[in-house]
């Protein structure tokens, strides 16, 4: 029962030939993994988080391994939106796949300015608005932790751009549905989740926290069950497409997220473990659909009964 | 520099000869692990969660493995408080270590009644009030998710008993400190955390959620970084002793929790992996303190600077 | 009380006896001495935190003299894959023997043992034990079902005096064509009126359901060995429940894995 | 662009050469052809999800003819423990060569290479490369420091023409007593005024700090190989930062692991 599997999906106007993107902050600006494969095979690429002004990020150490996961405290090191436009956009704009800029800010105004500036880039596919980064002093996490502030940030970005807006949510909340609803009502065209869970580690030799900022973001396979639950919850609450991520390492993981209702998935930490993970996941989803004689669209939310 | 390490700790009047207890629901009523060692070596034992009326629990499957963790949906199967008193208390009351009853309820009234009934047991060391179980229809999780309901439950238990009260918190919240503060202001003598993180898993063959109740509780090493962070946060917010748990598998993990501020730790999922884990953890903490020439009291919160 | 042992046992054999089916022998005298057929080991298949939980595997034989305990397992996932790669000479972290066992016939009986696929493993131990019981004069017929010829194993292990073995394959590529339960029905027909039959069974759930149905319809005692995902394996976590026919749930690890067919609801 | 390779390489040797120090050889022709001294491999030490991340290990030698790439590693934690248990004949999941390398001397120079402990690994490759460069007439002195005699390794690997090796142990149980940086200072004293010296160094941070200090005070070029915890190893995650002497951070995996001493702040 061979058939030509249709893997394509359109998320808020972003046309993807397959549902597998790479997660912000785990794929730099797309240069590094080109050594391993043709990154035009991805469904879409999401950049490292951008802020209006350049950011140095946090002092080392910035990463720490945990059981089936890792903590990071990169602190949004990035060249700023101007630096991005000069140094990174030229090569990114030549890719054949949608490129999505992930943006962040210390203030609502920052988000607005960054969004505005990026909107001038011809060919940029969308903005992913990170209201959930746990590794910066101001803003970041706080914005994504209450419906009101989530609303405010997304509204400010909405006013700055006509690009599709993907609101990226923090999992460190009691009611993820309320945050998702607020983001959508402020104008988000899609939701992505989860960002990292807030965690920490202590060095028992020095008896001090490992990270200078004490808390850091947990990602990787360890968080998958939590991410999947939150994707399920958000798909229940909002009508916009959802991009699922958090610990996706195999095609089976990706299929779980799609069955839960995600229209696409993003691969983060798994890139570090297996540089060709996104390709293997695309192939795996394809073979699975082939076996079931279905297309991607049939799979989205199929476990919701 | 050999010295006699003092491992003892007193938590809200509960005298423990060492800071290692076993976590509710992972040690039954203390019969099963006696095959492997003398459980009188533990710091304290916490029973499976008790409700006023007996509970059958959820249909199978009830457990599912995840990366470095597990999901459970036991659903508080227990003989009810009367059944406990008749069947389990007789042998538990003969133990030489503090026994703590973990209690749960669908309503505030349930908690009150269960607490009252248990208070009549001579020798019971304390009540651990589970306001965080994600596996039951009503109450459970909801109580621990808002400061107001957490306050209400603990207050009702406070009015029912003179026993020390340990409030067991849910990690599925935005602001764990607020819940801890509410519990303490309602009369909790200590805080324990974390209960399980809400997660889920989907069977990609049947395309259905694994668990009949869809969501289940995530525990084990995977959650350790989150648990440690929350213990740190709660120790910052309240002055009562904190019992840390969540993924503790080795003595090094336990030391991290104590350095973060926990006065004691509880071993849960690790019992399933290594039945003698609690003993090895006691020995490890002892050797560590021995090496450092310190006592347990010196270690508590030492990473807080 | 010390019925269950935690042991770091020496692996003395770990060989593939059929595609993806391994036969492992470990030295664990304490377990060998205590075990009865139907009980299982709870095995730490890896050394790291993933996979995390132990895996339940039935005891397929024991030898009190050499102190050996044997298991036969099929590679189906990561745990059993790691187990299959574990080398002779290394140690295996096991706890056991766990659970109850198959109640042996109290008086002369005709024991019909029905196994499907890897369910054959505990059946080897059971058949041997019943057949070697000197007091009673039991006859034992084992009926082993497999999907196809290449999957067949266990026949060689069952060559004891007093044990007759019948093999069935779904596709008829070896032995009888059909399900082992078809053969069970025929055997019961033949034996009706002679010594009391007792049925023992271990295998996939649909097979057990059928066995239960047959036993109930003919009013014959049947013991079924069930599987359920487990965490602790010792009765502490309440993770391995199976619906009781009366009320609530039973624990497969502690109340089972062997149940009298009428005790539990399968489905 | 294809500078970095992902390979499932055959392990052809994995043997303990000193207590807890292993010397592994793998077949990875593409890596052997491209590598330069100072680069590293990023290795998946286990096959399960724990430990999750790859481990960075320096290339200790290559052989373009046999296609072999060699590493020397110390067992310090779970990843390296698993690596040490990996068997010859099995596959190793590696990516590499990663990072920059040690810049080789452009003209005749006296190269003093200072290594501490396991920092000796990449130094073997470097010394061999410099000494075998036919165009220049470099002289190479390697100074290896270890805590005590039983820890010493690498001397045998450094027996090439043109390479002189000096060993120091902290406790004087083998070779000179003292730190390798003590010897560095003496060598610089002796060589002053002759050919330009260049210092290369790899080892524990306190040693590198001292090397940097000595080089700065005498105004000598020095290249240091740094370590930092890594996730991606390829420059994508910004996890392996080291403070730049100018502004912001550098990535050890991509901008390094070798830095000119003045480029980075150590502490």
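First chain written, first letter: the chains are A, B, C and D, and each begins at residue 1.
Keep this in mind: contacts are C-beta pairs under 8 Å (C-beta built on N, C-alpha and C of every residue); 3 or more make two chains touch, one makes a residue touch a chain.
Since we're looking at a predicted model, the values are computed, not measured.
Of all chains, D has its CA centroid at the greatest distance from the CA centroid of chain C.
Between B-D and B-C, more C-beta contact pairs are found at B-C. Once the centre of each chain is set as its mean CA position, chain A and chain C turn out to be 47 Å apart. Centre-to-centre spacing of chain C and chain D amounts to 55 Å, using the average Cα coordinate of each chain.
If you average the CA atoms of chain B and of chain C, the two centres end up 36 Å from each other.
Looking at chain C, residues 49-51 sit in touch with two or more other chains.
Shared interface positions of chain A, i.e. residues touching 2 or more other chains, are given as 67-69, 220-221, 249. Arrangement of the chains shown, judged by which pairs touch: all-to-all, with no pair of chains left without contact. Across the complex, chain A meets chain B through its residues 66-69, 71, 145-146, 172-174, 197-202, 204, 207-209, 214-216, 218, 220-226, 228-229, 232, 247, 249, 252, 255-256, 259-260, 288, 302-303, 305.
Within the complex, the chain A residues that touch chain D are 25-28, 31-36, 48, 56-57, 59-65, 67-70, 72, 74, 77, 220-221, 249, 269, 271-276.
By the touch criterion stated above, chain B contacts chain D in their complex at residues 67-68, 221. On chain D, the positions that touch chain C within their shared complex are 46, 48-51, 78, 82.
In the complex of the two chains, the chain D residues touching chain A come out as 1-6, 44, 49-54, 95, 228-243, 247-249, 254.
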